[in-house]
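I have a structure here, written as structure tokens, and I will follow up with some questions on it.
By letter and in written order, the chains are A, B, C, D, E and F; residue numbering begins at 1 in each of them.
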């Protein structure tokens, strides 16, 4: 009776794609207009999937209040209305691509979640581009 | 050449989350406003996924008319515009959480479907909360 | 420089369509399965539109925090996870069709909103049926 | 035979809400986390509506290629992947709220469009907040 | 107490844009790949809006069963899975642009609908291009 | 650190479901109105999923420009605004069901994509019917 329950959330943030150890020309050649030094931004849509056994007593896989609290403290409070490059420690030396962001979010939630659950992160950078990361 | 074909459906229903063997206080403590004794309700969005081999003669995995008929008789006729707790036998002693509902729907469709197919149920209770169950 | 700003919200509720002064047969003849005496329910999606002049100082039509607070107290607190027929005074003697619900929501928000704004209510009962009411 | 034809587009950008002539405390008091000095950002979804008479010869209201080119040059090239406060002249002394952005986009497209058409701008800052401006 | 109630429907069809009295070169010059002589096709999404007074007895603007039957007979039976140019009489000498299609659908529904209602047709040719026609 | 990145695209096309070696009666009996000899059509929505390791230098799984170019040349240029039965060589002797279309698209993209990536095709024929094919 393994099941996956999903909860959606969203946040918005500014970022630019670049590597500190590359000069502007190389950053622009590889990352194009996503490397604009003045930043651009996105509305990020996040779907958090948690997999495990249904609790036969409650009929819940997980109390969604617990999951919502984790998403709030680990993702929304940390990333919403932030500049990812300047204000979020995980991206101090890590390029904030949507791939790296999904891994960072996975690791933050995984640490806060009961270890009996498997975790799956779907992160939309735009409605047309998204990634899925399962650890 | 295994492929999965998906068909969407929807129904709406009233329910409350509670256990008969718990008193109102405990039901309210665990299930919050979802345990309102006067019921509340949802539009449920269902996606039924069927996996198997493409029939080389027709190019179909499954004739969608067959799948639509199964969804109609097993899900829509049984659950649409119903009070899940009062009118649906499967939930007489089973809490109608979205997790338990997905399992019930899976079991009903599975019995009606040719056994050569694998089955996958995605059930949205709201656009923000949903589950996936694959048996 | 008149502009309309829209804010979305949602709630879910149980209801049945019926008139107390009609017998069950007539209610069933007119309202069909929507008149199920055990209730059914919906996820209602609400879009509140407010029209007026942009404040040249802030660039806002209205501080969205004010609008969100009004929607919370007048709509979400009053209707979410409720049985409309039993628990919401406005529907004690008023059939909770989506048309009547839009009018009730309009009147409640209108009273709480600065009278300099025009108001427009869009209410989805399902993703396929909705109404727009402008007073 | 007046009809309105709509074309969707999108762009993303960084911005902050603030007034140069206010200090940081007042900006923060009025605009909250939207006034973060390091910027945040959004995916903006734009729907451009054009109203007029159907050309009886072609059956078109407007050749969509003309409208797409105007949207590209006036909106996408000007705003996509930009920092609105720093890089877009219209917002040098104008707070880039979604209301002001809709007016700016309206004025830019209006100038480029054949004057026989009426124009309507719908701009989503997030999927939950949007404005409509008709001049 | 005027209100507008909306009902969604959909159909799919093949078509090409062209005028019989133009040669292929001119058709191609004006309508581009939409004029492919072998046809292309679309899923059309239709929203029918009906405006009038709420019936104080039922709380309905219109019995949706009546509206659904009109949409079925006037639009779905007439256009679904059809080749618009070859099989639909209204387009024998009329270019099936989305503008002309909206007018044709408006006229067909208008004739079948109680004259006390105003009518509004929204027709999506793709999720990015649509028209609104109100007669 | 395996991750899947998804990119959406769309095209529209005319088709009919039929087998050349069956007569019209049998085609109609099996494929119903989808076998209309004058064709019908759809807006197809495509999601291409690519799975592999994140490049630690760029933080990308794949440069999306490469993926967009492959989707353009292999899918959009080949299928958009086309009659699948008449103009697309792969369907000369293959019934253009959505299942077969997903396999054809998979094979075309797979050949053009670096072999280190796994590939997953999601193809919507309508918003209610879609398939997923992973090779």
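One rule holds for everything that comes next: a residue touches a chain if its C-beta (ideal position, glycine included) is under 8 Å from a C-beta of that chain, and two chains touch if they have at least 3 such contacts.
Fair warning: this is a prediction, and the values are worked out from it, not measured in the lab.
Of all chains in the assembly, those touching chain A and also chain B are F.
Listed here as common contacts of chain E and chain F: no chain.
Each step here moves to a touching chain, and the least such steps from chain B to chain D number 2. Comparing each option in E-F, D-E or B-C with A-B by residue number, the pair that reproduces over half of the contacts is D-E. After Cα superposition, the angle needed to carry chain B onto chain C is 180 degrees, rounded to a multiple of 5. For this pair, chain C with chain D, the centres built from the Cα atoms lie 29 Å apart. Note: centroid distance chain B to chain E, computed from Cα atoms, is 34 Å.
Each of residues 127 in chain A touches at least two other chains.
Chains that are in contact with each other form these pairs: A-B, A-D, A-F, B-C, B-F, C-D, C-E, D-E, E-F. Residues of chain E that touch chain F in their complex: 10, 12-15, 33-34, 36, 38-43, 80-83, 86-87, 126-127. On the side of chain F, the complex with chain B involves touching residues 17, 19, 30-32, 94-100, 102-103, 127-133.
Within the complex, the chain E residues that touch chain C are 1, 3-8, 49, 54, 57-61, 64-65.
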